[in-house]
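Below you'll find the structure, written out as structure tokens, and then a few comments.
Note that the chains take the letters A, B, C and D in the order they are written out, and that residue 1 is the start of every chain.
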Amino acid sequence: MSSTWGDRVKISVFGESHGKAIGAVLDGLPAGEPLDFDEIALQMSRRAPGRDRSGTPRKESDLPQILSGVLNGTTTGAPLCAVIENTNTRSGDYENLRSVPRPGHADYPAALRYRGFQDVRGGGHFSGRLTAPLVFAGAVCRQILARRGVLIGAHVASVGAEKDIPFDPVCIPDEQLRRLSCVCFPVNSPEAESRIRAAIERARLTQNSVGGVVECAVTGVPAGLGGPLFGGMESAFSAVLFGIPACKGVEFGAGFGAAELTGAENNDAYYYDGGAVRTKTNRAGGILGGITTGMPIVFRAAFKPTPSIGLEQDSVDLNAKTNTRLRVQGRHDPCVVPRAVPVVEAAAALVLINAMNETNGGAEK
Amino acid sequence: MSSTWGDRVKISVFGESHGKAIGAVLDGLPAGEPLDFDEIALQMSRRAPGRDRSGTPRKESDLPQILSGVLNGTTTGAPLCAVIENTNTRSGDYENLRSVPRPGHADYPAALRYRGFQDVRGGGHFSGRLTAPLVFAGAVCRQILARRGVLIGAHVASVGAEKDIPFDPVCIPDEQLRRLSCVCFPVNSPEAESRIRAAIERARLTQNSVGGVVECAVTGVPAGLGGPLFGGMESAFSAVLFGIPACKGVEFGAGFGAAELTGAENNDAYYYDGGAVRTKTNRAGGILGGITTGMPIVFRAAFKPTPSIGLEQDSVDLNAKTNTRLRVQGRHDPCVVPRAVPVVEAAAALVLINAMNETNGGAEK
Amino acid sequence: MSSTWGDRVKISVFGESHGKAIGAVLDGLPAGEPLDFDEIALQMSRRAPGRDRSGTPRKESDLPQILSGVLNGTTTGAPLCAVIENTNTRSGDYENLRSVPRPGHADYPAALRYRGFQDVRGGGHFSGRLTAPLVFAGAVCRQILARRGVLIGAHVASVGAEKDIPFDPVCIPDEQLRRLSCVCFPVNSPEAESRIRAAIERARLTQNSVGGVVECAVTGVPAGLGGPLFGGMESAFSAVLFGIPACKGVEFGAGFGAAELTGAENNDAYYYDGGAVRTKTNRAGGILGGITTGMPIVFRAAFKPTPSIGLEQDSVDLNAKTNTRLRVQGRHDPCVVPRAVPVVEAAAALVLINAMNETNGGAEK
Amino acid sequence: MSSTWGDRVKISVFGESHGKAIGAVLDGLPAGEPLDFDEIALQMSRRAPGRDRSGTPRKESDLPQILSGVLNGTTTGAPLCAVIENTNTRSGDYENLRSVPRPGHADYPAALRYRGFQDVRGGGHFSGRLTAPLVFAGAVCRQILARRGVLIGAHVASVGAEKDIPFDPVCIPDEQLRRLSCVCFPVNSPEAESRIRAAIERARLTQNSVGGVVECAVTGVPAGLGGPLFGGMESAFSAVLFGIPACKGVEFGAGFGAAELTGAENNDAYYYDGGAVRTKTNRAGGILGGITTGMPIVFRAAFKPTPSIGLEQDSVDLNAKTNTRLRVQGRHDPCVVPRAVPVVEAAAALVLINAMNETNGGAEK
């Protein structure tokens, strides 16, 4: 159980929020892939803090420095290590958290797991800041995938009670995914954006926070990736998605909604569209029996509200062994969902680049 | 991507629905654990087909034969292999499925992945029958866990629109879990059972099927298991749960509901209960930052309706390359949810036995 | 640390020498591979006991029963499980070994590791008998490899002081490998066979045993398999070879001999042989930087003498906590080396089928 | 197949010889371990180039910068990333190697594997320089192990035909290991050092190189670590040792010598030494059935002579597709063996810290 994931393409994420630097090693990338660094910087900026009032006021340039695995702008096939310095840290804000854990945060279980030696400043290795290396890794992988026809895009599906228009799972234009995947507050409906921004602003003004859902779509994935049982694509996606801090639910296609349907309603009927087999609906979310069907992959990830809120809350003092009250200091997002969108896209990119080289067995070159 | 899972305790599942046998190898079990074979048989019977009209009429005794890893009723520490013979197969029912894939089933993507060589009879390796070895493995692991104070139980939380009473996530009596985990149609409310059975019967009578949700709880798990990022408990649970055929959604604690809450609503306040730290609510489902909090672990898994229904559906003929109509023959469950309950419990047992030996690093014996 | 190995093609080996059965699950084989069962039986018979006086007089038919993963004689792509029954067991021979460990055998460390619960009969899971599932797995894999031009063969390079003629590492005819890989006592020199047999017979007549070396060659392996550091082919081969009971040394190409050479002597000069790059010598054993060069892969594995000998030896009584003397009963090989030859070949086949699907990264289909 | 290794404690090594930096991520270290940075620097200096004429004249300070996982000099339990800058690079020396591969080096197979995109400067990711992060990781792990009573030391067992006195495998004083593990040219016999240095100097003066053997011992390892088949300690050690560039052979205890012995000679007789079980000899090298016996672990790794030599050699021009001659420019070690000693010790430390947390299965806390 570790901060390392993958088999063909492995990622090892390191760093603590207020330590010297955070970063990632990507091992197993194909050689000879040119990287567009402007595109990487764009993806980093979508997640970076300090953009607007919907996120934390902490500002970080988040420019990754690539230490290895790239020569003349092209991957060499050796492990790619990228490091992002932490520059804007105000660690004094966090000292009391070592004895008084924040409700809803990892403070308490981490203190048990690491026997008090964990870095609590800014959440340490549990900080949402650790998603920056994920976004970097995703930005690299999605460029490689795009060259093979795979497009990834996600949007803020909901925040609190406010909802965006969901994807049409049988028809997701490239243009839609391209547009979503280059903006900071990606929604399908401009009208929804203002409602959602208002909900976040309400949370911010009341020193509270609010949760939401990210919906992600991937098109161009060849049919036949994945496998039965634990080798399925849903297992792979969910293992990475639940690795994103604050993610508490993952569903594919109709998801929990499928639990309320009949088979006749939920089954996706096949038909020939020219020479290609397609389905009239896509309640499977592009995955059956753990294997891609060739239809768009569609899934949703639920994010809980940021646990760090300005309101006073009940907690305990682990040193004094007494009940106490806590008001969390520091700079925090009233809602992580907009910034989680590029992280979810990055998770999808990691899973897919790891799966794309899959064939059934060892000797089919 | 394979039918193998785990690191400390590994499971390798094999078999095809209408092949000679199915089974599993469990590698890494502790030595010296006595096994109660009646208890294993009880768990197998909860999942076994042919019990009542809510499941498939196919009957299998499903008695596992243990080939290795057990001596004088006690684990030896060597890999434990159990084999379950397939006796009641009617393979003639499936021959046309090689060219005409069932909507909602793995037939089509499996045909691509295995280039037509997959065993289609009864769904082959994709059959729900492959959950029998999972239940066996879970039955072994839960006995070992129970000796360490860990109890697992699940119930039919909903079928279609009919709902059972959910767990109270802050207080789940041992008695409740013990009762649920030894019956075939586990519900918290006897009244709900009749409504849910009626919904399944309606689906059966209309040659249709219906989906549902299983809710699972685990008590007695020590705080401090798991880790950040991909090493979190949610990632581990979801990777196995999505390996269960028909599972399309997984959520922990408040799950997707947390996306509609504010931080003040969703955070679980800490307090001292005698000398122990507990939370007043448990919207986290017993996991924060990927690490167990010591509160009950609570999660839900959504199952889609069985894709094999008697109603005629649109499909394609992959040989003729034309559209066609399909009426699925064979014996099928109108609802897999009641039989999925022991499978979900088994998945939880596997994840926990694999995690229980986790410590932070290599040299802390 | 387990009896499971591999990433693309995984093997999980189970069973105890005097238990009900032994076997293996092979997960990740390509679909659509026809299997020649006579060829499998031939390989099993090369390893099987009871052939002549150079091995143990225990007789086992060792016919594997395939439970899954094969339909109409062809792989389905689902996990292939094969089971071999244990029929000829005389467990009474072993009872005293629980308290008096055999020198040179795993008895003592296994008793500590499994706290006395391990199956000691016939060596339990540590028995050389567990190499039968390995040979089965290798027999499956080498058929698939042969169709891709990869040939594997090994010989008894030495027993005690008696040596066979080694391979010429730059030129190994297919015919030589084909001949070696279908006989029970494979040597390059018929004259060497009689000397080696005599050495084994001397050990047998004195109730002693004797060690030896197996040399293995693989031709037809494409250049470019493997990778740097821990991902190298030498790491992969050695991890499986040291999994064979009694193996205490592994070397590639010039191996330990290279430690006595200068660079000018050890470097293999390149030249063009028609359009193909070859080396004039092959002291690298076909592997440089962990990657195959396209030249034959050549390695040697050293096997210690069978620890179970009829001579009386010093040991301890773990129950009485006193020194004692031990005379090992039971039927044992005076020399495992001839029977280890097909096991070494099988190990090579497993490593290669797992590596053949390797490319540099995730998206190069 | 990757530059990542381990399960409980994972290491991911990155970097290219003439790139910006090299380094490693260590994931899974226990929290709360104080690190002695002077001791780390000492280990780094033992491997660092430019010390004396037995190694390359390239000078690197090799001071690792720790980016994460350490707070106030103590491990936090989060992944530890250390980066070592490359400062002293003369890349012009290597340009012609892209078309004319050096005999005995990874140039040619790497060019095939990475399709010409690999970084060839200084050997890129295949450079011996990548052992610096290994030594760093080992320096961290051995401090943690030493606190648990485990000591590691190695010596230059031989260079060419010149040999040092081997370890006495039944009795290795702590003092001996402590002395070896802090010097740059570790030998058991001072007299051997001068002979060995002379052999290296002869190779240097003739623009040649020479191979050798490193022998390593580990004391204080508890009995019962490891397991049968692929889970054995020999498999673990060898997988990491063969990851060290130029390693071509690995043997444990009597190793290849055991192949020439009888069982009566090779078996290690047990006896009670006070209350402890010991063996009178230790031809097993402290490992039986893949499991530690409690006796010292002793193994040897053979290193081939450095392939980069000043003498002119035959090679090919891959662009011109013609035979050619090559004289390797650049600064190279006439013998890597003295500098390989701390690398072998580091490999042992990695394997042991990964294994120390092993127990038989998932639920034995």
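Everything that follows uses one rule, which is that contacts are C-beta pairs under 8 Å (C-beta built on N, C-alpha and C of every residue); 3 or more make two chains touch, one makes a residue touch a chain.
This structure is a prediction, so every number in the text was calculated from the model and none was measured.
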Greatest separation from chain A - chain, by CA centre: C
Comparison of B-D and C-D (more C-beta pairs in contact): C-D
Interchain centroid distance [CA atoms averaged], chain B/chain D, Å: 45
Cα-centroid distance, chain A relative to chain D, in whole angstrom: 38
Distance between the centres, which are taken as Cα means, of chain D and chain C, whole angstrom: 26
In chain D, residues with contacts to at least two other chains: 2-4, 7, 13, 28, 31, 77-78, 113-114, 125, 228, 355, 360
Sites on chain A touched by chain B in the complex: 1-5, 13, 101-106, 108-110, 112-115, 125-126, 130, 158-161, 203, 208-213, 223-232, 234-236, 238-240, 242-243, 245, 247-256, 258-272, 275, 277, 279-280, 283-285, 287-294, 300, 302-309, 311, 313-316, 318, 321-323, 355, 358, 360
Touching residues on chain D, where the partner in the complex is chain A: 2-4, 10, 12-16, 19-23, 25, 27-28, 31-32, 65-69, 71, 74-81, 83, 113-119, 124-125
List of chain B residues in touch with chain D within their complex: 7-9, 28-31, 77-78, 141, 144-145, 148, 222, 228, 352-357, 359-365
